[in-house]
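Presented sequentially are two complexes of chain A, the first with chain B as partner and the second with chain C.
Showing the complex of A and B:
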């Protein structure tokens, strides 16, 4: 072991500490403060008043929260199935094509847009006399007067489609990277053994892609759970709270209604659900990896 | 090794310096200031604030630089957090009603009672405005802006169908019926509906029972009161009659006036700014009338008004300079510039508004036949308002849900007044 490396080993905690302090001050401390606030009534000005489990009790009696949970689940399923599923499909269909990158480019371009910009543009496209309805009417198709964003849960479905439009490209890109990193030998061996098409994909390519699929599905799961910006810009969770997700409910309760205590309880619920879902998912994936 | 040590030492020194300067620059510098920062949630008004900054510098030697936010919740959170830190605004905009009371109770806002006493004596502020700036017998802040709510109407559409601005509720209904029969939607929604969905609720309720409207805002009445339910039923019947534009339309109503689609929209007089920015002229392209009471037997016409305060903090970086600026802000010279730049009315009754139509509105509003009622946005406490805005927005899309909407608002109302003193 070199002298420099030994020195590094001795002081490694010191080297890590600035980053640790940074994370602790900006993440863990605010989280603990939020957890404390969730047991209080607090308007952001006067001192918080401890109210025990009142906020949590209120959570389970609040039917707006039920709608919020339903929409969050729709987002989770939607973000895992659509942008990831379609991204995989485009990646598989295009990765060994000649000039495949040109084919993939249009799918990737929407990713360059910010969430807020995306929301504003699609908000106008999907409004009652917006482009979507105008196109349907022009083509003589039914549904030219669809209220895409005014009725729940249709507004959530519409926003998931918008999200898919933007996110498909980046998922596709990650899958292409995954596909390109697969060793060629097992695929060639499988081909010699007569595997092709769906069987080749299902039994050889898909298992070899596990490292990248774990990451992509994990990211999609978390993105679905914490979805906020697109909903806030397009509908602000409305009308009548019909398109709220847990993240929007949290923001609304804390910053719009000035109910910091109740909003913090929603934040704790969202963090717990996201943490648990990520943990269970990653444990399962790790378990499978070990089993292999 | 030595160079690596030197490198680390340099990095650490630089870091320490950065932290030290960062901490130092955040605090209030104290001393006498020659330029104040005015924090506001009216980002779109930046050019008007800048004009005021230049005028103030010229007239008092005290400059002003606006720091505009466009997202109201972010702005509110910033101002509230500034109370607990050393980064305090010199001046800031706020809202009257419960929110003003809230920050005054925290002993944060500078007392402006002396400014009000002098200004009322000199006629720069009206006595009728004073109560909206009074908490516990003292005045806080001064009016940043004042606006009256009424109906903007399209003069060309009215002329086309031979219509005149109504003076009674029955006449307004007749105008709406005529327009509808000609295929013209009578009322455009005040957008965004997520923010202004309360407009018709407050108008119908204040025009039916202004006392109930005021009691509702102070926790002394229920949202499920039969009279409130009746107001919602009236509103529903107007929606069912097809009198309103689609609530999903995101366009600014001024765009619909520009294209000639809109006949009427309910809004504050600040909507003039949106109209004039689109090249429309009051008196030629559009007009404005105060909405007659639904209940004709009421002794006075209920006139919804809003007044946004301009405040300074008790512990402002330079309290003297902030107070000097507030005193100047309400003078006729400052107010004339402020009102005319934006094309809106002024809180100073002495100010001559250049636009003759707007001047007429100001004089009409001050008439003895009117009863001012505070806009719902300021009158309702924040948690109740939030529930009401969502509820009314939902109701616009699904009018059958009105009872459920009222019940939800009432739940929030009860929740809020459980921990606050009703009637205050």
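Showing the complex of A and C:
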């Protein structure tokens, strides 16, 4: 073979560079710029003025932001408990049933709808004179005059229920995939030893599901933290900023109030919380993995 | 011998009772989930004039879906947004899949030096919350006149789609035998020719899975559409339709709003149900 022949070609880096350029220019550069802007006062027109930690100090005194943090936490807890918990329930009940996929279909239909579509449709259903209240009245149930979206934190709870209706499907699907791929031998062995029902699930199946539960819970955590579409479409964070999440607060501070610097600080806060939560969660998972 | 048989029979009966209980729970929960689906479909089909929230449960007496859809088209700018939304959802994922495949090829097959580090740089892009991008993109796009421009949105959608494509393609190319590459190379094929004629066709299933996942994602986007566009001809469909719940379209009859929401969701619903298995695999891949 001649010395000049390069098996892997001479221009290998040319193949990675387009992807790198896209990611660098449109993701990393803006990321760094936002981090810088969070230390400035900026209205998008005049040049940014460096003001140190002022924006971050202001975060702690901002009542709207505190409400937003509370709502974001509600979203995280709500997401992990409801769509993930119920998704697990449906998956465990149906994964080894004959024709189990038919039982799963009702939960999959809403998932294919977009967050914005969900918001549009449920916004109309939950209006004060909308279908939800009319049906409660019709059934003779109390609460037929509930203002689902008018007061905090009830509006957040109402939206979490809507979110659960949509998100159960995807969590269920991931759990089913996980359940169908766990080894059968330990389960059979435990059955022969007389384990069944809850004990079989708790001590044999659940530990074997660890890889998929790590993925599903991690996803739910991040999705809960970054929630924007539903809230923006259904309430725009209102009334009176009572249903804002951090992602909505950031959007409102920047594009409604023209406070680009302060909005950037909210974005940095959201990023830090998301990063920390993911890190702590993954560390805990990894720690458990080692302990076994 | 007979004791074992008896034991087996008992176990099977117990499983049967448990099976019935499981089916019952699933059926009840399934009905609870179907009820809103029914409400939405029934009232999107109902002629707008017949709508009465207290009779929302009744099945529609006549078919008004098409009238509702056309009324939604007249009232909002949905019609004008559909074509550009379709363009974004096809062009950006296609581009991203190609760029991701090129990167994966260089890193795995061509054994790029520090390949893993480059891969991490590309993939870590998924970790960035979009809120960190909005201000610079909005301001920057305004300066270089990409704001409210089709190209601007295609670029953003491509950038956010590249990391997943790179991940999946890198994993996929890792499973292809190296001897294929070496043989083709020694036969005198250029590295690009090998990519284009061998590796890309080999990976069509993986490419399709990523494409579908990202098509859905771009079609459903709201945030970038709201932030980076304003005119009807550029704005993606959900950014336009989301205004239905605000004052902009106050007084829109419920059936018309429901019909619009349903019809615009249709492409992703159909795609999702048709490719459920692929979709799940893609989702699992995406999270690894």
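The working rule: the second predicted complex is superposed on the first by the 271 of 292 C-alpha atoms of A that agree within 3 Å, B and C clash if a C-alpha of one lies under 4 Å from a C-alpha of the other, contacts with A are read in each partner's own complex, and residues count from 1 in each chain.
The rule we apply is simple: a residue touches a chain if its C-beta (ideal position, glycine included) is under 8 Å from a C-beta of that chain, and two chains touch if they have at least 3 such contacts.
Computed from a prediction, not measured in an experiment: that's the story for all the values here.
With both complexes brought onto chain A, simultaneous placement of chain B and chain C is prevented by a clash.
Once chain A of one complex is fitted onto chain A of the other, the partner contacts of A:240 are limited to chain B, with no touch recorded for chain C.
Within the superposed three-chain model, A:147 lies in touch with chain B and out of touch with chain C [touch as defined at top]. Contacts of A:195 after superposition on the shared chain: neither chain B nor chain C is touched.
In the superposition on chain A, contact is made by A:103 with chain C only, not with chain B. Residue contacts after overlaying the shared chain place A:43 against chain B, while chain C stays out of touching range. Once chain A of one complex is fitted onto chain A of the other, the partner contacts of A:257 are limited to chain B, with no touch recorded for chain C.
Counted by residues of chain A touched, the larger count belongs to C, out of chain B and chain C. Contacts of A:124 after superposition: both chain B and chain C are touched.
Comparing which residues of chain A touch chain B with which touch chain C, the overlap comprises 44, 123-124, 129, 236, 251, 255. Listed in rising order, the residues of chain A touching chain B in the complex are 41, 43-46, 64, 123-124, 127-129, 147, 149-151, 235-242, 251-252, 255-259. For chain A in complex with chain C, the residues that touch the partner chain are 7-9, 11-16, 18-20, 22-23, 25-31, 33-35, 37, 44, 86, 90, 93-94, 97, 103, 105-117, 119-121, 123-125, 129-131, 133-135, 137-138, 165, 168, 170, 173-174, 177, 191, 196-197, 212, 215, 218-219, 226, 228-229, 232-234, 236, 246-247, 250-251, 254-255, 260, 263-264, 266-268, 270-271, 274-275. Interface residues of chain B facing chain A in the complex, by the touch rule stated above, are 73-74, 76-77, 80-81, 83, 102-103, 105-106, 192-194, 246-251, 382-383, 385-387, 390-391, 393-398, 401, 405, 408, 419. Every residue of chain C that touches chain A in the complex is listed here, in rising order: 11, 14, 18-19, 22-23, 25-27, 29-31, 33-34, 36-37, 39-40, 43, 53-54, 56-57, 99-100, 102-103, 105-107, 109-113, 118, 121-122, 125, 127-140, 155-156, 158-160, 162-163, 166, 182, 185, 190-191, 195, 219-220, 222-223, 226-227, 238-239, 241-242, 244-246, 254, 257-258, 260-262, 264-265, 268-269, 271-273, 276, 280-281, 283-284, 287-288.
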